[in-house]
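Shared between the two complexes below is chain A, which pairs with chain B and chain C, respectively.
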Partner chain A sequence: MSPLDFFAWLGDSDWSTNLHESRYAYPLIESVHVWTMAVFFGSVAMFDLRLMGMIMRKVPLGEVVRRLLPWTIAAFAVMVVTGTLLFFAIPLRSYQNIFFRSKMLLMVLAGLNVWIFHSRVFPKAIDAEAAAAPPRAARIAGALSLVLWTGIVFSGRMIAYNWFDCDRQPQPDIVNFLTSCVPGE
Partner chain B sequence: MLWFFQWCYQTSIGEGIRESTWLFPVIEAFHLIGLGLTIGAVLLVDLRLLGFGLVKQPVAQLATSVEPWLFGSLALMFASGIPLFVSEAIKCYNSFPFWVKMTSLFLVLLFTFTIRRRVTQTNADARPLLSGRVTAVVSLGLWFGVAWGGRWIGFS
Partner chain C sequence: MRTGLAIGVGALGLLVSGWTSSASAHHAFAAEFDANKPVNFKGTITKMEWTNPHSWLHVMVMQPDGTAVNWAIEAGTPNVLFRRGFTKDTLAPGTEVVIDGYQAKDGSNRANGRDLTLPDGRQLFLGSSAGAPYELPPGQ
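What follows is the complex of A and B.
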């Protein structure tokens, strides 16, 4: 079964159809997704700005991580659940949506940034803290995070307006390649 | 007041956005980034007032530190929100969520730059005070009104 077949099958299920056509559930899930995004993006941005030394310089980095990260993680969990439901309601169209794909790609990159930061940069940043300004690596990680999450929010918003949809042909070959669209089907 | 909304709707900015495929969503994305930054700057202080988050830090210091970002993100919200409004002003006029949003926005801005500012600058106590808790609840409640209305304009 190809991914296209699988997502077409998923979209034909009663659960997916009911969710997609529901009068309140779908908009409500979408609302929770965007409200939680504000909390998630907001807390990430405040942390990134701290990493870059632009706000809260007097607050130790370790304290910011300890006290704010649980809120970020909780918001992220809600975003994953609501985001999965939104995908589940419209699986095939989302899978073939160029903005959905760029969002997923950017999420992988943002995840890598988180992983590298917490395994390598953060321990050193804590050590260096007593000394002076945040180390270069920490500032880079903060800036990267801001750029990546901004890109993710942009991609996420564009998903609903997809002007590269498979049904909107003709599209350049490169677009149909990137979206696995088969014109004429 | 309807004439004002009609006038906004027929401006060249409104028309240009309506005619473009991608302008509206792109401006909306900027608006969302502004929303995230605003909520981040607000939440950092309001959580502290409620006794969560950075509890070891003085409230006034946190509030002063993030204030430029609060102003900056609000400016981004207005700069992106006004063109969005102009492009669909007549729809907004007839939208209940739009009026909820505008009322909440007016109240929250008034509250933030008067009472909340005073509370955050004078709340020197390390423990969360009742005045601080009430301030945070009002602030977050009003911001939620703004975010609720904002999202539901699109569903009406």
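What follows is the complex of A and C.
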């Protein structure tokens, strides 16, 4: 079964149909996704700015992490659940949406940034706490995170404004390649 | 200097996140449709996609020369249509309807639906996107 067949089948399932035809569930899930995004993006932005040495410079880095990270993680968990449900409601169209794809790609990059930061940069940044400014690697990680998450929110919003839909042909070959669109189907 | 930069970055972040997340009504009329390209035609429903965030109505329209052209008509969410008197079965395939709407800016056979008239004369409002011409106060 190809991915296209699989997502078409998923979208025809009773659960997906109930979700995308729903009067309340879909807008509610969408709203929860946006509410928690505010908490998530807000806490990430505060932490990133702290890493870049721009705000809360007198508050120890470990303290900032202890206070903000639980909010970040909790909000992210809710966003993964609601985001998965939103995808599940409209699987094939989302899978072939170029902005959905760029959002997933950026999320992988943001995840790598988090992983590298927490495994390598953060321990050193804590050690260097006595120094006036955070180490260069910490500042880069903060700036990268801010740029990536801004791009992710933008891509997410653009999913609704997609003008590369498969049923809007002709599209350049490169677009059909990037979106797995099969013109004429 | 650093404080200024911090405020600048913060303001930019707020601007971007606010702009990208506030338009929760999904896309606006002007993003896709042209208020200066009204369309009006009689057709037969081939398929009704009763779906969030916008429903789509697929209609086959016979041209004067006998050829058939397919149009996709955007309509409101299932919730909005339900409140205006639609059910999922109101628009069964084969139903003859008259559609009023506005064509897509790119000239394709897609339109933002305004009014739909059923064979028994009942008229239903399809309107879906914020900023459509029919949302303006009379006289504008």
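As a working rule, the second predicted complex is superposed on the first by the 185 of 185 C-alpha atoms of A that agree within 3 Å, B and C clash if a C-alpha of one lies under 4 Å from a C-alpha of the other, contacts with A are read in each partner's own complex, and residues count from 1 in each chain.
In the analysis below, a contact is a pair of C-beta atoms (placed from the backbone, for glycine too) under 8 Å apart; a residue touches a chain by one contact, two chains touch by 3 or more.
Quick caveat, the model's predicted, so the values are computed rather than measured.
Participant: A:Lys58 in the overlay: touching chain B, chain C, both, or neither? Say first, second, both or neither.
Facilitator: A:Lys58 contacts chain B only, not chain C.
Participant: In the superposed arrangement, which partner chain does A:Ile90 touch: chain B (first), chain C (second), both, or neither?
Facilitator: Second partner only, chain C.
Participant: Using the touch definition from the top, say if A:Thr82 reaches chain B (first), chain C (second), both or neither.
Facilitator: It touches nothing on chain B or chain C.
Participant: Between chain B and chain C, whom does A:Phe154 touch in the aligned arrangement: first, second, both, or neither?
Facilitator: both
Participant: Of the partners chain B and chain C, which touch A:Arg67 in the superposed model: first, second, both, neither?
Facilitator: It touches chain B, and chain C stays clear.
Participant: Thinking of the overlay built on chain A, is A:Ser43 touched by chain B (first), by chain C (second), by both, or by neither?
Facilitator: The first partner, chain B, only.
Participant: Name the contact category of A:Ser22: first (chain B only), second (chain C only), both, or neither.
Facilitator: The answer is second: A:Ser22 touches chain C but not chain B.
Participant: Could you list which residues of chain A make contact with chain B in one structure and with chain C in the other?
Facilitator: Residues common to the chain A contacts of chain C and of chain B are 27, 30-31, 34, 37-38, 41, 45, 49, 55, 150, 153-154, 157, 160-161, 163, listed in rising order.
Participant: Which chain C residues qualify as touching chain A in the complex?
Facilitator: Within the complex, chain C touches chain A at residues 2, 5-6, 9-10, 13, 16-17, 20-21, 23-24, 26-27, 31-32, 50-53, 72, 77-79, 82, 88, 106, 108.
Participant: Using the touch rule from the top, collect the residues of chain A that touch chain B in their complex.
Facilitator: 27, 30-31, 34-35, 37-46, 49, 55-59, 63-64, 67-68, 71, 150, 153-154, 157-158, 160-161, 163
Participant: Over in the complex, which chain B residues touch chain A? Could you list them?
Facilitator: It comes out as residues 21-22, 24-26, 28-29, 32-33, 35-44, 47, 52-57, 61-62, 65-66, 69, 144, 147-148, 151-152, 155.
Participant: Given the complex with chain C, which residues does chain A contribute to the contact?
Facilitator: Residues of chain A touching chain C: 20-24, 26-27, 30-31, 34, 37-38, 41, 45, 49, 52-55, 89-90, 146, 150, 153-154, 156-157, 160-161, 163, 167-168.
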